[in-house]
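See the structures that follow.
You will see two complexes here that share chain A, one where it goes with chain B and one where it goes with chain C.
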Partner chain A sequence: MVWLSARWKLLIMVVPTLAFFTIFVVYPVFYSLYYSLTDFIGFGTAQFVGLANYSTLFTDPLFWTSLRNTAIILVMSVLVLIPLSFLLAILMRRQFRGARILRALVFAPGIIAPILVGLIWVFILDPKFGLVNALLSAAGVASPPIWIGGSALGPISIAIVFIWSTLGFAMTIFYAGLQLLPPDVMEASALDGASRFQQTRYVTIPMMRETFAITTVLVITNVFKIFELVYQLTGGGPIHKSETLVSYMYFITFTSQQYGPGMAFAVIITILGAIVSVGYLFLLRGRRGVNA
Partner chain B sequence: MTAAEVRRVPRARRKRTRGVLIAGIAAYLITFVVLLPLFWIAVLSFQSNNSILSDPLSLHGFSWANYINVFTRVPLLTMYGNTILLAVTSVTIGTIISFMSSFALARMVFRWPKFQSGIRLYLLAGLAIPIYILLFPVYRVDIALGVFGTYASLILPYVAVTIPFNTLLLTGFLRDFPSELEEAAIVDGAGLWRLCWSVVLPLMRPVLATVLIFNVIYVFNEYPFVSILINNPSMTTVSLAVSQFQGQYSTDYGAMMAASTIILIPQLVIYALFQKQVVAGMTVGAVKG
Partner chain C sequence: MFNTATPRRWRRSLATVAALGAATALLVGCSSGTGASGGTTTITLSMQQTDVKTGDPTTWAIVQAFEKKYPKIKVTVTGQPVAQHDQAIDVGAQSHTLPSIFWLNSADVASKLNKSGALLNLAPIIKKENVSSAFSAAALAPFKSGSTQFGLPYQALVTGLYYNKKLLSDNGLTPPVTFADLLHIATVLHAKGITPIANGANQSAYAVWSFLTDLDRFGFDNQIKGILAGTSSYDNPDFLKFYEDLAQLQKAGAFSTDVANLTYNQAVSAYSNGKAAFLDSGVWAAGSLQTSSVGADTAFWAGPQFADGVGNQKIAMNVVGAPLAASGSLKAGSPEYDAVSKFIGFYYGADGQQIFADNGQPPVTTFSPKIASSATVFQSVLDAVKGVDVPLTQPDQYLSPASQNAMYDSIFGVMEGQLSPKAAVDSVQKAITANKG
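Then we have the complex of A and B:
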């Protein structure tokens, strides 16, 4: 291989990738970092203003609303999505007829464009003609909840839709994790007289701790990226009450064209995401350490 | 096997069968609930708008009116044409250059090996960057490069943002893959280009399929870049068109559901065809760690 690795050949192989990546990913990150510290208004020269944009954001109550909404979605996702997808993976592991097809079907929502997912769910959650409230009214509920468009349930509805679209993905990761469990441990515990429930509780779950951690981290990273669902379901309204971090950042940057605070907002979102990613790497490092 | 054991087996099996049955029923129920929203819009898309608004549960009649309405008003040809154009060009470029750099980073000999692993980490670091921090700067870069308003304004960032994932998958594959065949080809006198094209590329077909399909889905479903980089209706993509349905049809829900169904069906058909690669592509990072 050495004599095929002349310097000019290496350059041809690596430079296109490096150029694309540097110009359209790395440079933009530093661009955002830099302009988050200026009073840039989209044209002309920008003055350095230190952390003023960050303090503007921190004094904006809607920033905290969007953070709170994202936190609500995050907590709901972790509390509902993780157990539900794990349970589903356990069910799917039993050898009933059609299990393979069901696994594929449950995964299907995950490949639908998020912008279309949001639209589809408008027809399910709309308070007047949506499926859920139609069913509730038919069941005799006098005033069914205002899932979208009201002031309270916005983030919860967004969480429901997010859970719907991520369920199959999380289930698939758990399913793959279950396949990796050593069968002899299962057999041993079965021989010792453990019931299915006891096996799951005392053998499967402890052995799958890493899979749980990885799935949780992936779900959290995806929660930080929720944008299209908000756009379609509530538009962030009423009066920005249902914005998430990204949707409100989009509004600040592109609708109200406050580029300085918008860039600061993007930097904050990136840092929050990076913290989660570092945690993820830390977990993987820990696993390697255990195995070695 | 003793007589007692022989008698015990059926009972254990019967218990197992009952467990499987319960699990199966539960799994079918959950799957049904998951798919219900999709069935629902498909069913309602054949109802008149008045019937949907007055009582969505009362299904009467069956009409193609909403579909005729959509086919005459939605520029399906334009938006699919644009989306396919963007997907094909950006995924082709992205896959080729990621393949080249991944091969170099995993196999070729750098004078400083630290530099080699450094470049790989540099590219992988992109996995942690949310695209939202790139939106506005990419818009400025597009303007500076003079490509704003052209397809290149989207193709260039699409290629760039898929590089980290492609690098993760391709270098990972090459690292786990023995290089004997390549060495044999080199001994037989193959040059670098021949080696890549006729030896390595065919070997990597499965992982390249995963990369291709994952990237195509990304470009097809992409909305944030499209929403700020396209300002010309003739360049509309599928995602952009979907984002405008609510404004366009305001209260014509029947038409909106028909339009959603029309866009949903090809996506689901493609998923059905490539289900294995799609699932692999979307979960490989998580499962392999």
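Then we have the complex of A and C:
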């Protein structure tokens, strides 16, 4: 008889996962970090250039444009997507005719490949032949907005499409969280005379703090990974004005073949993503400490 | 808590898994696109088109004819969009897994790869295959370093504007000669709701070919050496004039308002469906335009003559473009090397060059092809460039990929009304300075 609970045996069982994680996550991160300090052009020998690539990036106005666009999408997503998906989850929890069909419909965009989502929305948002402006023109709007391809609304349009495509996913997490709430607590609050709003505000939301935290972190990390939507919807244009961090990093690294600055960009994105996500969790933990 | 079999069995199981893993890794490591087995040699050809069969019918037809002539050689054709292809070549060069033959973005990229030892010297091959005399010296020069021929011209780069003769005449217009003519046409057609010039920047930020030729009409060939050496600047009065003329076209409504969202293929589609009067493209599109609904009405124009231009205005872009190169890993005397040699001999020989002409491509050698009388679009391209002076090469070919992109962005930026002419020249100069070329 062999007991697998011994520590060294547990360690052996962890080894495959650890090896996989090291090869495909840890190694690439350090690999990027190393090449971010060189003048690597994709082949040949790389020379050490110190922090020159980081300096190049920080003086590139388009880096700041991509950072601003990502921030716009992030803020819109957190402010709109989280409350909207939570409210939808509450709505879906109620038993009414067609609830299942509605749930499937809301979740449907989440299973469409982002590149196809982008393609679909080109036909909706294109200022010349898109559905939205066709409707606005039919309604008598003389100069409908340039949703994509203009200098202002690109990141907002990307945020709208991102919210649309992620809404079902976020709603599903909230829906699962709601299902786990103990019914006796809800019954007790109802007996105490709490209205539906009061139940949601003072019982449901506090009890779902963990779910909110997980969903928000997932949304944040997904925003930092937006690429296909930009690629298909605007191509980063006009002249890179709608680039996000990842799409502009792709442009720098692969289209312009500047691997050194591209790797520096990747390192910055990793650090920013970690700061925002971990920072949010710390903030949440701090508040919990205050409330406790 | 698990109760399992004996430790020996455990170890045996682990050993089996490890052995299977090692065997799999070995198989993966040994597998390659190239090789010789059963008397058949396989070589790989990697191109910058997602679907080579439809996107580059000339190369596809050459491969088919080659395999028919050499049944013991199989050519595996792969293709990806330009950016992904470039990325795959970089990875291949770094890991010594380059395809046998492949397209490269520019002479600049080929030269860098050659310096890193990734490319095969093709000089002995074109000599052995008796095709070296078929090339003009100018066709080989961009891809030569000393006695090493690290690339060969892929296709002749003939670019300009296709135009719909019927659409112009239906609107009381005649084919343009000067920039003023083009500006007038743009104004008239825009007022009638017709897109004057079809262009698309989305996923095709390089699709500004005719405007690159316009840069040559403002003295690009004379200025570029000084610009690269740092003794003069891209931000100069002559280039600024070009961008100001481009801005005039933009203000006249020459370009679709959603040019930033359109892809090159959508621009071709707009022209092919009669919704645009001009198409910024090159000779590669002649075949598909011929079979489109506007094929019979299509002609080719080398581009406008500018009253404020610099130097010879009667020029056409008919130069050597991007190169084809071969992997430096190929060993002379190996079956793969011989197969690549035969393919190059076929590609640049009479059979291959006639296939060029049959598919609407001008030969890249001095070969004189027979052209079908039905190929009116292709004939109009050849007529437009016949006996006309040509620049040394397309302006972007002098630059690094990053500066190339800045150049494309500067043109599209003005075209989209996003950049002022001054900001446009400034952005390119900044990129050239930052990237040293």
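Everything below uses one rule, namely that the second predicted complex is superposed on the first by the 248 of 292 C-alpha atoms of A that agree within 3 Å, B and C clash if a C-alpha of one lies under 4 Å from a C-alpha of the other, contacts with A are read in each partner's own complex, and residues count from 1 in each chain.
In this section, contacts are C-beta pairs under 8 Å (C-beta built on N, C-alpha and C of every residue); 3 or more make two chains touch, one makes a residue touch a chain.
Fair warning: this is a prediction, and the values are worked out from it, not measured in the lab.
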{"item": "Which superposed partner A:Trp164 touches (first chain B, second chain C, both, neither)", "value": "first"}
{"item": "Superposed model, chain A: greater residue contact from chain B or chain C", "value": "B"}
{"item": "Which superposed partner A:Ser5 touches (first chain B, second chain C, both, neither)", "value": "both"}
{"item": "Partner chain in contact with A:Phe254 - chain B first, chain C second, else both or neither", "value": "both"}
{"item": "Partner chain(s) touched by A:Lys241 [first = chain B, second = chain C, both, neither]", "value": "second"}
{"item": "Touching partner for A:Leu51 - first (chain B), second (chain C), both, neither", "value": "neither"}
{"item": "Touching partner for A:Thr215 - first (chain B), second (chain C), both, neither", "value": "first"}
{"item": "First (chain B), second (chain C), both or neither touched by A:Val185", "value": "neither"}
{"item": "Which of chain B and chain C A:Tyr231 touches, first, second, both or neither", "value": "both"}
{"item": "Touched partner set for A:Val122, first chain B, second chain C, both or neither", "value": "both"}
{"item": "Chain A residues contacted in one complex by chain B, in the other by chain C", "value": "1-2, 4-5, 122, 128-129, 231, 254, 259"}
{"item": "Footprint of chain A on chain C - complex, ascending", "value": "1-7, 10, 83-84, 86-87, 90-91, 93-94, 109, 112-113, 115-116, 118, 201-203, 205, 256-261, 263, 400-402, 405, 409, 412-413, 416, 418-419, 434-435"}
{"item": "Contact set on chain A toward chain B in their complex", "value": "1-2, 4-5, 7, 9-10, 12-14, 16-18, 20-21, 23-29, 31-32, 88, 90-92, 94-99, 102, 104-116, 119-124, 128-131, 134-135, 138, 164, 167-169, 172-173, 176-177, 196, 214-215, 218, 224-225, 227-228, 231-232, 246, 249-250, 253-254, 259, 262-263, 266-267, 269-270, 273-274, 277, 284, 287"}
{"item": "Interface residues, chain B side, partner chain A - complex", "value": "19-21, 23-24, 26-28, 30-31, 34-38, 40-41, 44, 52-53, 55-57, 97-98, 100-101, 103-105, 107-111, 119, 122-123, 126-130, 132-138, 140-141, 156-157, 159-161, 163-164, 167, 179, 182-183, 186, 191-192, 195, 217, 220-221, 223-224, 228, 238-239, 242-243, 245-246, 253, 256-257, 260, 263-264, 267-268, 271-272, 275, 278-279, 282-283, 286-287, 289"}
{"item": "For the chain A and chain C complex, residues of the former touching the latter", "value": "1-5, 41-45, 56, 122, 126-129, 146, 148-151, 231, 234-235, 237-241, 251, 254-259"}
